[in-house]
Amino acid sequence: MTDALTNGGSPIETTVLGADEIILNMGPQHPSTHGVLRVKLKLDGERVLSTECIIGYLHRGVEKIAEHRSYQQFAPYVDRMDYVAAVSNGLGYCETVEKLLGAEAPPRARVVRTILTELQRIASHLLWLGTHALDIGALTPVFYCFREREEILKIFEKYCGARLTTHAFRIGGLQYETYDEFETDVKRFCDDFSGKVDEYETLLTENRIWVGRTKGVGILSTADAIALGVTGPMLRASGLKWDLRKAQPYAAYDQYEFDIPTGKNGDTYDRYLVRMEEMRQSRRICLQAIENIPSGPIMAKVGKVLKPPPGEVYHSIEAPKGELGYYAVSDGTTQPYRVRVRPPSFINLQALDKMARGALVADLVAIIGTTDIVLGEVDR
Amino acid sequence: MANDPSEKIPPSTPPEGKAEGAPVSQKPAGEAAAAPPKPAVPAAAAPPKPAPPAKEAPPKPVPLDNELVQRFKARFGDAIREATLDRKQAIILVAAAQLREISRYSRDDEKFDMLVDLTAVDWPKREKRFDVILNLYSFPKNERLRLKAHAGENEPVPSVVEIWPAANWLERECYDMFGIVFEGHPDLKRILMPDEWEGHPLRKDYDILKQDTAWVRENLQIETGQ
Amino acid sequence: MIDKFLFLFFAVLMIGSAIMMVTRRNIVHSAVYLITTLLATAGIFLQLKAEFLFVVQIILYVGGIMVLFIFVIMLVNLDVAIRMVQFSRQGFVAGILALVLAVQIFLALWIGRAGLPAPAIHAMPPKNTEAVAEALFQHYMLPFEIASILLLVAMIGAVVMAKRRV
Amino acid sequence: MSHLIPPAIAPFVVPVICGIVLVAVFPLLAGYIVLLERKLMADMQARLGPMRVGPHGLLQPIADAFKLLIKEDIIPQGADKFMFYVAPLISVTMALVAFSAMPFGPVFQIADLNVGLLFIVAVGSLGIYGIVLGGWSSNSHYSLIGALRSAAQLVSYETAAGLALVSALLLAGSLSMKDIVQAQADQGVWFIFVVPIGFFIYFVSSIAETNRAPFDLPEAESELVAGYMTEYSGFRWALYFLAEYANMVIVAGIATTLFLGGWLRPFPGNHQHLIGTPFELLDALPSLLFLGVALYCLSLVPRQPVQVQKLFMAGVAGACVLLAAVMALTLFPPFDAAREGVHGAFWFMAKVGGYVYTFLWVRFTFPRYRFDQLMRLGWRFLIPLALVNVLVVSASIVVQQNWEWKHPVVSTVVTTAIMLAVAFWLAEEGAKPEPAPQPADGE
């Protein structure tokens, strides 16, 4: 029975007592690996010596499927990658194909896209906050977060009939006009939401245990973050003020004012603060956008059958998790020759080893939580 | 704190130098914001443009010859095979053998400090069937650049992990999906597919219904995964 | 009657689990039998109406020391211990020694039996907690303090040795 | 009534009844504590909690217990079977044995040992073997780490808890649970008001000892899946659960007895009468409380969707009325003998309930400590604080006894002020960042 102590690992004498390194398999079924991530840990006591992520349990071959579907047919598939931020996925894909076609969505469509995408960002961050807090042992925030997320999902449902995998946008614009109370719904949500974020912060931000669990844990320096290709809130928490919405605006982001929150230390606590502030900024964008939705068509004239001229394009957006990029190659037929997705979760997850070395198992849980991965996107 | 990259390192190519289709900003509206990303900028940015005319000239790749390409050519000569601009995005085709040196130069001298993505495209009818594609991004310049190298079926490509650690998993994925071997990769093994899987699914000659039936039978105890 | 029965029960339990303890291959099982032995000892204290000793035996030996024992046993790799041959041909020597010891004890008891007091039937004073305290802190104050200092020295020594490795 | 029972067995009647009631009823009680916990948690988290089984989920514990009973009992491959079987039994047995010295009132107690408090603490601490051996025998890393954490945590926090208890013992001057309560009655003050810091230390340590959040590291689900219980299923798992809740009630009972005045009624000096009756208001309070609950249940009856549920709800109301009647009856002179017992039990249970409620409240509010932080809190904050507390309290007692300086209020204020100063100083010290580990000097 004691084989368990040494299985798999080469037993190395590390202490006088003769305690060996332990190999611990976390996942693929584990409460805090957020799906089917499997992390192979090499432990000395409870200290992490190294980690190895074993992924692919949710691999569905999305990129292969793309090559056998028409451009429009593939659009719903992208929703299934980062399934907690389906709207953002859809936006990235639609804009990429529009670029491949040389078309552009009309202004009204772009503003509505912006609003929905920002709501989705809030929803995604709320889900992250709830599960992250749950990982660290705070049982209550998750329910508050889901309460607010529910409001957003209701707006999605009213708009396009779906809550999770929405397929809200079409290549060239939107399929549906906004429903009648769209503006009031979004406005009401935004008005309520400001107080709610404060509520979460009251529970956590200055809580001694929370600070103790997150501050100085999983530090990622700016240089490391860039070298590892880490993007999104994690990069910003590491101190680099970079946001694709500002750097290379898409949709209608160039029209709105918002700040890019950054952190100082690149630890778990900073990542938490950055995401909290991002929710506030997203709310700000929504409020600005809802004030003035331009009238006009919602669909560009792209035709029923899409045949982009041969060539290739890379386009990326600031998804809730980081830079979500699509690299599409057309050979002039109705089906893409190749669609490559640059999944932010996949690349951010690569930084896990860097952050986790020397931490405790309990810290690892916090670090995985703060990486904000969705396995559907990691594995595609 | 390095909150604003363009304050740290003065851009070597000013963003305005886009005249002849500069490398790369994503779209014209984006160029305006290539300046320091500050909240004030979007207010000054161009108002939303009217929808573009429905029928433009269809976009197509055109040859590119700007300062950046010239610097690359001056430095590497023949290793820079071709430079094109496709949908306002710069693509440089380089010799696979020189990929690592060119990458290092791109990172250190041209400040393309982040490897955004590394992937491949399979063109089975071509003599060297694979395109290995590196998507680079420069924080100081707010520009993107795409390096492309051709590789044959059993021809190793130099790994760029030592230049951008981010390439580690990306190269593994490429190997997994296309079977491209990256020379010098610290731990080149499959990442998404099971380790013992036969075949590389994203190759064009790997049918979408195909699978490693032997593996499926042995490991999942079912006849077929379909 | 019931006293005798209780005594026999605890005594048999104690000796039986002591034997089991030294013959188990699995060190955790040994520890569990040791715990049983200690609990049986506590039971005999209780049967003698020494409630305070009974509780202290449980708190200190079973609740404290043995928990640490088990803690350490679990940290150490058990593989090696299990695979080792248990009695490495010292059984013969040990048997002789045990026999000699048994004979010695028996002789001592037999020769000195006249001097032994009759089995104490009278009940202990009802407040034996106070009695123990009085003994320790009044009559045997000095030895008690010396023993504490000895323990303190051992503890500090352990801390210093452990600290160096960190 | 007492003349009906032969004198030979008379002393055993109440203890045996208490014992049977405890063993038979406690599992049910634990189930209802779980239901209460879930309901409270739901209330704090903007949801309803169990609502399906019985009206407002009132039958949920029974359904859960039934489900656990008929579940498959899985033994992992390579487990040490005997240990795996026995471990949960150790936990639950020890927890229930500890109840034997717990005074649920001046009457309801199985045995009043003269070392009662030590006995409860000792036997309660044996439950750790169930956890450690269960974790070890499961042949799983998660279980093993959970067991190790549990052992380390329990040993550390028992020290602090024991020292905190000493401060109250010094005031009571006895180890017998009954005498401790009696001492509080004689001195006219609950010890929480004399040694508040001691109570605080005991409160924190008792959370840690019972493995409850935010100290629930041995079973931290986000790290260790379920810690030492990972491999357990079905009824064995339920036994662990039972032991955990039993331990909660035990520590609550200890705290109630030592610090909260045991079965004593609050405000013994308040003799205000319930208007128009010869009864004291506070004596009548339990009856009124039960009546109130009964009325509330009755008001819920029409809202139940199904006939059966209506009947059940009415039954609950009836039971409450019955309890109220019992509480009220004992106020009348013929039942004076039963009055102490029944009312004492009520107040004892009420205080235990309050203590447990605070446990739950803390659980829903705070995130979980990390293991090293937990150890640091124990060794660098609670234990030094408890040591100083014992010193300060004994000093104040010595001053009061030897110098005949009888100003209990002043001495309490002074000792508490000193202790608060020490506590803040220790907290400041603890908040300082850990010095970087020194490189090994010498060799």
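For clarity, chains are labelled A, B, C and D in written order, and residue numbers in each chain start from 1.
By definition in this document, a contact is a pair of C-beta atoms (placed from the backbone, for glycine too) under 8 Å apart; a residue touches a chain by one contact, two chains touch by 3 or more.
Note that the coordinates shown come from a computational prediction; the quantities given were computed from them, not determined experimentally.
Enquirer: Spell out the chains that contact chain A while also contacting chain C.
Expert: Intersection of chain A and chain C contact lists gives D.
Enquirer: Quick check on this structure: which chain has its C-alpha centroid closest to the centroid of all protein C-alpha atoms?
Expert: The most central chain here turns out to be A.
Enquirer: Considering C-D alongside A-D, which chain pair is linked by more C-beta pairs in contact?
Expert: Output for the comparison: A-D.
Enquirer: Report the inter-chain centroid distance for chain A and chain D in whole angstrom, where each centroid is the mean of the CA atoms.
Expert: Taking the average C-alpha coordinate of chain A and of chain D, the gap between them is 44 Å.
Enquirer: I'd like to verify one number: the distance from the centre of chain B to the centre of chain D, where each centre is the average of its C-alpha atoms, in whole angstrom.
Expert: 63
Enquirer: Chain C to chain D: how many Å between their CA centres?
Expert: Result: the chain centres lie 32 Å from each other.
Enquirer: What whole-Å value do you get for the distance between chain A and chain B if each is reduced to the mean of its CA atoms?
Expert: Distance between chain centres: 21 Å.
Enquirer: Where in chain A do residues touch at least two different other chains?
Expert: In chain A, the residues touching two or more other chains are 3, 5.
Enquirer: At least two other chains touched by the same residue of chain D: list those residues.
Expert: Only 80, 144 qualify.
Enquirer: Which residues, counting only chain D, touch chain C once they are in their complex?
Expert: 80, 83, 113-115, 118-119, 121-123, 125-126, 128-129, 132-133, 136, 144, 147-148, 151-152, 154-155, 158, 175, 437, 440-442
Enquirer: Going by the contact rule at the top, pick out the chain A residues touching chain D in the complex.
Expert: Touch list, chain A to chain D: 1, 3-5, 22, 24-25, 30-32, 46, 133-140, 143-144, 147, 203-204, 207, 209-210, 212-213, 360-365.
Enquirer: Spell out the residues on chain B that touch chain A in their complex, using ranges where they run on.
Expert: 1-5, 25-27, 29-30, 32-34, 37-39, 41-43, 45-52, 54, 56, 58-61, 86-87, 89, 91, 113-117, 119, 121-122, 133, 135, 139, 142, 144, 146, 164-166, 168-170, 177, 190-194, 201-202, 204, 206, 208
Enquirer: In their complex, what parts of chain D are in touch with chain A?
Expert: 41, 44-47, 78-80, 137, 139-141, 144-145, 213-214, 216-217, 220-225, 363-373
Enquirer: Within their complex, state which residues of chain A touch chain B.
Expert: 55-56, 59, 61, 63-65, 67-68, 99-100, 102-107, 110, 222, 226-230, 239-243, 246-250, 252-260, 262, 264, 294, 296-297, 300-301, 309-316, 323, 325, 327, 329, 337-338, 340, 342, 346-347, 350, 379-380
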